[in-house]
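A, B, C and D are the chain letters, set down in written order, and residue numbers restart from 1 in every chain.
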Amino acid sequence: MPRLDESAAGVYIISVTPFTDDGAIDYPSTDRMIEFYLERGATGLTVLGMMGEAPKLSGAEAIAFSRHVVHRVAGRVPVIVGASSPGFAAMRELSVSVMDDGAAGVMIAPPGTVRTDDAIFGYFRTVAETIGDIPFVLQDFPQASGVQIAPAVIRRIVDALPSCVMLKHEDWPGLNKITYLRDAPNMRRISILTGNGGVFLPEELRRGADGAMTGFAFPEMMSGVLAAHRANDAGRASDIFDAYLPLARYEQQPGPGLAVRKYILAKRGAIASAAQRTPRSTLNAQEIAEVEFLLARQTRRLQEIGA
Amino acid sequence: MPRLDESAAGVYIISVTPFTDDGAIDYPSTDRMIEFYLERGATGLTVLGMMGEAPKLSGAEAIAFSRHVVHRVAGRVPVIVGASSPGFAAMRELSVSVMDDGAAGVMIAPPGTVRTDDAIFGYFRTVAETIGDIPFVLQDFPQASGVQIAPAVIRRIVDALPSCVMLKHEDWPGLNKITYLRDAPNMRRISILTGNGGVFLPEELRRGADGAMTGFAFPEMMSGVLAAHRANDAGRASDIFDAYLPLARYEQQPGPGLAVRKYILAKRGAIASAAQRTPRSTLNAQEIAEVEFLLARQTRRLQEIGA
Amino acid sequence: MPRLDESAAGVYIISVTPFTDDGAIDYPSTDRMIEFYLERGATGLTVLGMMGEAPKLSGAEAIAFSRHVVHRVAGRVPVIVGASSPGFAAMRELSVSVMDDGAAGVMIAPPGTVRTDDAIFGYFRTVAETIGDIPFVLQDFPQASGVQIAPAVIRRIVDALPSCVMLKHEDWPGLNKITYLRDAPNMRRISILTGNGGVFLPEELRRGADGAMTGFAFPEMMSGVLAAHRANDAGRASDIFDAYLPLARYEQQPGPGLAVRKYILAKRGAIASAAQRTPRSTLNAQEIAEVEFLLARQTRRLQEIGA
Amino acid sequence: MPRLDESAAGVYIISVTPFTDDGAIDYPSTDRMIEFYLERGATGLTVLGMMGEAPKLSGAEAIAFSRHVVHRVAGRVPVIVGASSPGFAAMRELSVSVMDDGAAGVMIAPPGTVRTDDAIFGYFRTVAETIGDIPFVLQDFPQASGVQIAPAVIRRIVDALPSCVMLKHEDWPGLNKITYLRDAPNMRRISILTGNGGVFLPEELRRGADGAMTGFAFPEMMSGVLAAHRANDAGRASDIFDAYLPLARYEQQPGPGLAVRKYILAKRGAIASAAQRTPRSTLNAQEIAEVEFLLARQTRRLQEIGA
C-alpha cells in the first residue's frame, strides 16, 4: 500500500466501530459500512479515531479491527489508524503493527498534560522518534485534548519532522489557523483535512483545506460540498452544506453525538446495530423524535435544491 | 420597576457594550441599540454579560452604563445586569447599585475554581446571602466557566434559594438537562432562557425553555422562532431558524464571534462603531467576506420563505 | 494468595519500574529492589502506579512485569497493580490477568473527563462492573487526575461497591477528608493509605489513616513513623519524619521527583540504573549536588536522633 | 518614593489583610502588622496578593487599604500592590491610584484563559501598554493560575518590556527555571523573588534568587535563611530552614493555609483577629492541635540550633 503523504486530499471518513448488541466487534457490519462510506464519496478511511470508541478496545482488538479494515478496503483508498496513547510503548506497538498490515499512516493527538510551545513540539518530536518513518497526522482538537497549539508551533513541527504529512484541523475558532499555514513562507505544504463534524467545511475549503476528515453520517455532504468547491461553485457548495447543517449541528454534540451518528448509520443500513460499548450514550424518545424531525426536513430540503 | 421572577419568558437580548473608536462608552449608540433590540422583539435586556465586555469596564463605568440603560429603557422591559465577579464584595456593590437604579435582577456564573456538587451549591448559597433578596439568574455555561453543574445540583439550588428565579441555560449538550428540570417532581418552576448564540433554540423550546437569552445580531430570529413555537408551528419555527443558522453558527465562534456581532450591528445601524476595548478581536478581509457571503445568502433565503 | 480487603494496613511501597540503560525492563534489579523494600519495612507492594512509568510499558510488558513481581514476592506481602486506563477493555484485561497471577488487588484513578458527583460515582460503578469482584483501591489524587472527589462521593462509592476496599488518599489539602471518612456514621470501614510522597504522614496517621502507600526512596521513613505512631509516641514519629522531610519535599517535585527517587535507589543499591524510558527526566549537576547535600544532612540528623 | 527596579532583593512579605470579627478592614491591626513584619526582617511589603484576600475587597476598599499601608510604611521599605484583574480597566485604575499614593510597583498574574507562548507574551505586552511605565512584577504561579509560562517566554517578556523588573517565582518544580534565567546570555538581569510559602528557599537562593516574596507567618525564617546564605553559610541556612519546614509545609496547604497563617499571626500579636471574609476557611479543633504541636516542636528545635 502507498503511504500517506502531503498530497492527500478528499474525504477521509472517521469510521465508527460497529458492535453487536452484546458488545462484540461486528465484522459483517464493518464490511457493509466500508462499502457504504466508499459509495458515498470517501477517498480515505480513518479508524480508531475519537468517535471510533478506540479506548474501549483492548490492544489486541484494536490491532485485529484495523487489520480487518485494511484487508477489506484492499487498497481502494488509504486507511489511517488513530494511535494516540498515554504511553509511547503502546503507540509504537499499534503503529508498527497496522503499518505492517498495510495502513497508510497513523493519527496522533497530544495528551492534555503538555502545555507550553516547547512541550508540544517536544511531544511530537518524541512521537516521530518513537514511530520512526511512519507518516503521521497531527490531530489538533483543543476542545477534546485541552491542548492549544499555536499556528507557529504547527509550522515548527512540520519544519522539523518530515513524517508529519497531514493536519487534522479541528480547532475552534480555527479558520485563521488554516490561512496562517497556507500563507507561511517557505513552509512545506502538508495536507490539511478538517474535522469538527464538518460544520465549517465551506469556509475551511475556501481557506485552503484539502478536504474533510470527519464522520458525519451523511458522507455525501462532505463529498458534495467538496465537489462543488472544486468546481468553483461556492453557492452550490453552501446550498448543499446548509441543507445538512441543522442535522450536522445536532450530531456534533459531545456525548449524544455518537449515538445520533450510529442511529442514522443503522437506519441507513450501514451497520446492523447502534450499540456502543460502555461507557455508552443511547438516544431517548425525545432525541429520536428530534433526529427524525431533522431527517425529514433534510430530505425535503435536499429535494428542493436538487441534491 | 418590578423585579424578575419565575414567570419571565420571551427574548432577553444579551446586549453588547458600544464603544467609540477611541474606547469611550458610546452612549448615543447605546440608546439607538436599545430601540433596535426592542423593535425586533426583545422582551428583556441583559447588560454586562460575557459578550458585553464587562471586565473591560471599571467598577464605576459598569454602574454608570447599567444605570444609563435602565433609565433609557424606562420600564418598557426588564433589565438584568451581569454581576459575576471573582469576589463577593464587588458582586454585592454592583448588584445593590443596579437594583437601586431599577434593574430587575442580576446574573451570576460561578468561578472556575468550584468543582464538586457541594462546592457549587455552597457558592450559590453564598451568592444569595451576599446579595440578599435580589433575584438572580444562574448562568450555566460550562464551556466558558469550566464548571459542570449536574441537573440535580440546579434543582438543589432552586429548592434552597428562593431568589434564584431563572436559569440561563447554555450547557452543551444540554437538551436533556432542560427536560430533567421540567420533569423534576415538586420542583419550583423557574424560568429557563437559553443561550449559546441560539443554535439549539427550536429544540430547547420544545423541551420546555421559556425563551432565549442570547445576543445574535438578528434578534428577529429568536423572536420569530419563539412566535412560531408558541403558535405550535414547529415547521415554521425551523424554517426561520434554518435560514439564520449558517450565520448564527459563524457568529458563535469564541473570539471572532463578538467582532462578527458588532460588525453586523454596526452595519445594521444599531451602533456607530464595531470597536472593542482591549483585548479586542477585529475582522480581517477574509472574515468580512465570509460574513457578507452569509448575509447575502441569508437575505435571499428569508425572502424564499417569506420571513 | 489472599485478596486485598478492608483490613490492609502498613507500608505499601509504590514501586518504581527498573530499566536498563538501553530501556529494557531490568528484572535482576526488580528482584533486588523487592528485597530492598521488604527489608525496610514494606508490608505491601504497588506496581504500575503513576511513579511506576506504567504508560511506558506495552500491554504485554505490564502483564509480564506484574507477574514477575508477584512470583518473586511469593506471598510474603500483597501486591497491588495499577490498572487505570482510558478504556475499560484494557482495564479488565490487565486486572483479570494479574489476579490470575496472584495479585491481591488493583488500583484505579478516574480519568480527567469525569466531573460531577454523579459522573464520578458512575465511573467507579462501571469499574466495579467491569472487573467483577476483584478488590480495588480508589486512588484520589486530584493534583494529577484533575478530578475533585468530595468526601460524600467516596462514602457513596464505599456504600454501593463492596469491592472498593481501600482509599489511596492523596488529596491536598486532605486531612479533613480522612476525618470525615473515619467519623461517617454507619460507613463500612475501609483501609486508608496515604500517598503524596508521605509529606503529611504524621498528621494523616493521627487522623485515622492505616499507613502509607508511597514510594519515597527511604521506606524506613514510613515504617519508622508508623511504628512510633503505633507505639503512641507522637514525638518520636515527628522526630523521624522531620529528619527525612527536607529530602521528601525535594523528591515530591513532579517531573524531576522520579529522577531523584531512582537516583537514590540506585545509589542505595536497590536498582542498577536510574534510567527511565521516554519521556524521561534526568538530574543535572546542580540537582545532584542538591540531593547529595540533603542526603548528607539527613544522615547526620538521623544520627543525632538515634534513628 | 523610589520605584521598584531590577535591583530589588531581600524579603518582601506577602501581607495578609486584617479584618475585624464583623468583616471590616482592621486598620489598627494593619499598623501593628506592618511593624511586626519590619521588625522581623521584611525589606518590602506586598499587599493584595493571592493570600491577601484581594477579591474580597471592593475596588474602593482595595485603593483605601493600599493607601493606608503605603502611608504607614512611610518610605521605610517599598510597597508592591497586587493588581491582577479579569479586565484591564480595573487593573489600570488600581495601578495608577496606588502609584499616585506612593507604591513602588504592582504585581500581575495572567488569567487562566491565556495558553500559548504568544498569548502569554501578548497578555503581558498589553499589561505594559495598559499601565504605562509603572514597574511590574510578573507572578508565575501555575498551580494557582493554570498558566504554564516557559522560561523562554519569561525571557521574551523581559527583553521586550522594560517595565517588567521582577519575577515572583513560584512554579513547581521551578529550580531549573531560575537557573535558565540566570544563565540566559545577554538577558537583562531582573530581580527574582520566590514564593510558594518558602518551602524551596535554600535551593532557590543557591540557584540565583535574590530573596523571598511570601507570607509565612515567621518572617524570621526567610530573613534568617537569606542572611546565612549571604554569609555563605549553606549549613546554617538549612539548619534554620529545616527547623521551620514542618510548619511551613502545613501552612502551605491551599485553603486552610490562610487560616493557619492568620491564626499564628493573631497568636503572635501581629493582628487582633484571624477573621477572614467570605469565602473563609477556619481551623477546627484538630487543625489547631496540629498547629500547636508543630509550634511547640519548632520552638524547641530553634532553641537547639540557637536560632
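Everything that follows uses one rule, which is that contacts are C-beta pairs under 8 Å (C-beta built on N, C-alpha and C of every residue); 3 or more make two chains touch, one makes a residue touch a chain.
Since this is a predicted model, take the numbers as computed values, not measurements.
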Please identify the chain with the largest separation between its CA centroid and the CA centroid of chain C.
B
Fit chain A onto chain D over the CA trace and report the rotation angle, somewhere between 0 and 180 degrees, nearest 5.
180
Between chain B and chain C, what's the gap in Å when you average each chain's C-alpha atoms?
48
Need the CA-centroid distance for the pair chain A / chain B, whole Å please.
33
Would you pick out the residues of chain C that each touch at least 2 other chains?
none
Taking chains as nodes and touches as edges, what kind of graph is this: line, ring, star, complete or other?
complete
With touch defined as at the start, can you tell me which chain B residues reach chain A in the complex?
172-173, 175-176, 179, 199-200, 203, 206-207, 234-235, 238, 241-242, 245-246, 249-250, 253-257, 284, 286-287, 290, 293, 297, 301
Counting only contacts in the complex, chain A reaches chain C at residues 54-59, 61, 85-90, 92-93, 112, 122-123, 126, 129-130, 277-279
Which positions of chain B touch chain C when the two form their complex?
115-119, 148-150, 152-153
